[in-house]
């Protein structure tokens, strides 16, 4: 009679459960959507970036910024305090609001701004790809398409709030959507022209050896960068929720947790766009090349962290602009995006085609 | 004829019958007729782009077709209250209309009463008044820049403006004993003498501010984003500025040469060598630049004042009428602390019968007082017209034709301060 | 199960009691009240309701020299996202309406600081016909004397308010549904009557 | 500062220019007062504007309750003419308190628009043909009180304060004094 | 006499190309201040400014010097300073009571203009350079004769905060300097 040790059994059960959890975590759709670069990473990054934004602006402005909440951590816990306060504050739903879109839009906007992260590769290892191989060949296309979804819900928010400032804000947002999307997508697609592939993996692999596409084709990078600024209402294009003109734009009527979600959405969108820019222009996970049949750590965690680190730098750069710039007027922003940024994007695309022909 | 006070024959707002300046509209703008679907937006009073006032705008799409400023959210009835108070009590009262520009706001009142009393402040008191006036003027302009920065979303300008303003506030505090509400000029002189190292500190502050003005230019005025927001926005022609009766930097940005310091020099302003900048464009950018140039000139005046203060050290700062016959304790206190003790007669000061009109150039423009005395210890009538009040009419005529987003840019460029306007 | 009236009843336990138990569990086990109070303490966002000239010193308090953002207080623009009103001086009859409306637009829990003599007893304008005492409109937690108060005084008010909040002023309204220690004053007349009609 | 002689010369000139439109010219401290009849206000104002007085500094209404009149004055001066800018002229007219109807000068001097509205709400003076005569600073219910008139009295407090009943300070004081 | 001159100026114009330079200039300036911040923030609850002796802070009465002349109450622009009458036994005529008057202050009203201090003929009132006291009740703010004589204590100083002062500097504007113990202001 075979004697089964209780310890062996326990060990087996524990290891099965452990590896099961690990497998679940590293299951590409979960990992990318929820962990890195998805929700969890995005939250951590957003909290750090908002903190950085406030501290960096404060440095330029001869002061300290958030501090007293945790003087030893230079006020890093500030955003947690804000988050807790938001989460437990009363949620007011105005009687005149259109309740269903009013309540659901913030969450849809949040989820949809995360979606592009679920379809991009963050590692060249095949099993880590969140889509099937055939779909992966068009990952640039799919990601670009998904970035355009969330603004619709921001417009819906403004409409559902039934507030004059919200209406003006959502009107501005809808103007801006049309203005930046084309430039952003053309800017990112210029790399497609260079590499002759819609696959992010090929694009990143192309950028090996310091041959970053951002260096080869800086015009397209600039166009994509500015388009990202416009799309995420960062300075100097903080127009749809310009505080001094239209209070908080589409978010004027939101309170408590729902405003917290809204505030996060813009930053999460900026995060998603930054990750796309990193993959397309800044070498993705390069210079690190994982071995072809690498495991969870070497094949998935490390490259995704490298991508995230690069994206954080891009975001920090975007955040620093708050300290230097004011905001444009809506017509000037449209003027800039159609006349200059679009032209830049087209020029970048042309350059991309030329380079694709030459290289 | 019987007149019904609330009669319905009160005429209603009718824009079409209006003419400003040479043309019906401000240059470059056309006011469209309001369609059926008018969209009224109430900006304020709880609104970041309005301060403590309300502007009711009617928009056609994104373009404002009509603006109706609704003042009075800080109307504290100073004119009425001063009719019931002793002359000296009115000084802190009227100071509250512009506490960031306190000396300039009270000086014309003091001057008007001095005119009625027939006395003039001693030389050193005049220099001290000019010093505080110019310190206040710079502080007020920096405050204006700070608020302007907020309106354009440029938080760094706000912080820099307020940070550098602290230097001037600190100077004023060392001189007068209060950060903002100095209550400094008083009939016949000033209340405190300058402390020991005041002129040294003043010179240091001047050097620092000169350096910082260059930073402001790089960061704010020459910043392409800000320029884009300001250039050609809110243009007021020379003729329109005159007709609307604007004052101060807003007037001089439209090319009108008017400054009370030059037209009717008060205190010691005729002893100083300075320029008054005038810009021709009349847009928001010119209004911002006028202030920068004015700060430069104020620094120039302050340098000269510092020299004069050094020269007149130890001189009397109160008119003989209130200082010749004081008890020895008063002089002892003055020598020890530099504090002028007031005669008890100040509390019940009777001013000879008569009418006086005084004007000075405050930070935001000309401020005028009309005082009528009937020989008692309280004035019969005090009429105050503050610069912001006279500028308020701009909202009605300069904003229509612009976009909603231009409202903060124009508002900020006027440097409008509601408590001052509402009195 | 039938009760005495013959109605069908499904026994699911005493819901109120269960809810009470769950709440106690959250409070005792998770220290939720402490967390909420901590979060609210360092996240007192004043609304940008500039009512009068004390706004100069209010702005200076958030300026670089005194930098009240260190306390986590960030002047915010839309009342829906704030939880603190700093009454900056005189409230006129016209402004009283805006003050009350702004107060009512803010979500609970919310606090108020009255700044300057005008907000306490009228100050220089004590006998004016156009001003009201703000504590008759909204409940005030901390009074700051001075005309205007120094920025340190306002900072002191914020620090003291933080201490009040830390003692459980925020969590008791959220978790226990208790009223604030300063009740909202009952209005004798509608401050907005001139505006509505 | 313009000396007294200059003011006198200038007031003579004004008299010459305005002729019989004005009934009285007085020199006060800091301004020249010219009085005119209410029917001639507009004419005088037009004439003054022709001379070069292009803006209104202050619309000053004084309630002379004893005489039963309002004194409506316009402090005018010039921006564009530098010689005139030195002088401030007050154009004054009187209206009975029970029938305060004055022709509006807003179409002559646009800068008077808001100040005339203020005079309307404070004193109840009706400016005929004013384009937009509404209260400007006060809420309508307060404006109806006509608070700037002299018969609306604002009370000042006395200089004594009663002790609160709980605190029996007087005994302590007497102990210490003794 | 040198009257001020009017000088006509024009706002500087910048073209499209130079605007790129101006952008860069602003960014460089921002980065300069990012790496070399010129900060002078007062860490308020842990530090406090020692105010100048001349600062017009809270007002305190020296009762022995007061002669009850009412000047302070008459000059007070807000009615914060008011006299309180006390009946004390008259040493000369024990049947008739003597009335003495002392000022009291209402901090709900006081605007710290200092008129009362300046007008007092016997220097019975003086300013304390303290101005960061807050109250939780309106009733606490009226100070009668007893409490009016006590100097208010700055709560920050009482909590053991670090005293600092600001000095002027031509390069950095205001500079925060710590006051060492025993150093005179």
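To keep things simple, chains are lettered A, B, C, D and E as they appear, and every chain counts its residues starting from 1.
Methods note: a residue touches a chain if its C-beta (ideal position, glycine included) is under 8 Å from a C-beta of that chain, and two chains touch if they have at least 3 such contacts.
Because the structure is a prediction, the values reported are computed rather than measured.
Undergrad: Ignoring subunit C, split the rest of the assembly into groups that are still joined by touch.
TA: Minus subunit C, contact groups: still one piece.
Undergrad: Would you identify the chain whose Cα-based centre sits farthest away from the centre of subunit D?
TA: Of all the other chains, the one whose centre lies farthest from subunit D is A.
Undergrad: If you tally the C-beta contacts, which comes out ahead, A-E or D-E?
TA: D-E
Undergrad: So, comparing C-alpha centroids, which chain is the farthest one from subunit E?
TA: Comparing chain centres, A lies farthest from subunit E.
Undergrad: Could you name the chain whose Cα mean is nearest to the mean of all protein Cα atoms here?
TA: B
Undergrad: Would you mind pulling out the distance in Å between where the CA atoms of subunit A average out and where those of subunit D do?
TA: 63
Undergrad: Distance between subunit B and subunit C based on Cα centroids, please, to the nearest Å.
TA: Each chain's C-alpha centroid was found; their separation is 34 Å.
Undergrad: Could you state the distance in Å from the CA-based centre of subunit A to that of subunit C?
TA: That gives a centre separation of 35 Å.
Undergrad: Can you compute the centre-to-centre distance for subunit A and subunit B, using the mean CA position of each chain? Integer Å is fine.
TA: Here subunit A and subunit B have centroids separated by 47 Å.
Undergrad: Could you list the positions in subunit B whose residues touch two or more of the other chains?
TA: Residue numbers touching two or more other chains: 47-48, 72, 75, 77, 80-81, 84-85, 92-93, 156, 159-160, 163, 166, 181, 219, 223, 257, 265.
Undergrad: In subunit C, which residues are in touch with two or more of the other chains?
TA: Touching at least two other chains: 63-65, 67, 70, 77, 94, 124, 126-130, 147, 150.
Undergrad: Two or more other chains in contact with one residue: find those residues in subunit D.
TA: Counting only residues that touch two or more other chains, subunit D contributes 138-139, 147, 152, 154-157.
Undergrad: So which chains actually touch one another? I want all the pairs, not just one.
TA: Taking the chains two at a time, the touching pairs are A-B, A-C, A-E, B-C, B-D, B-E, C-D, C-E, D-E.
Undergrad: Sort out for me which residues of subunit C touch subunit D in the complex.
TA: Touch list, subunit C to subunit D: 93-94, 126-130, 193-195.
Undergrad: Which of the residues in subunit C end up touching subunit E in this complex?
TA: Going through subunit C, the ones touching subunit E are 64-67, 70, 117, 120-124, 126, 135, 141-147, 149-150, 152-153, 155-157, 159-160.
Undergrad: Under the touch definition given earlier, write down the residues of subunit B that touch subunit A in their complex.
TA: Touch list, subunit B to subunit A: 39, 41-42, 47-49, 62, 149-157, 159-160, 163, 219, 223, 225-226, 228-229, 403-409.
Undergrad: Mind listing the subunit E positions that touch subunit B in their complex?
TA: Contact set of subunit E toward subunit B: 1-12, 14, 19, 22-23, 25-26, 29-30, 40, 52-56, 69, 71, 74-77, 111-115, 118-123, 127, 166, 168-174.
Undergrad: In their complex, what parts of subunit B are in touch with subunit D?
TA: 1, 3, 5-6, 10-14, 17-18, 20, 71-72, 75, 77, 79-81, 83-85, 112, 115-116, 241-245, 251, 256-258, 263-266, 354-359, 366, 368, 370, 372, 380-381, 383, 385, 389-390, 392-393, 422
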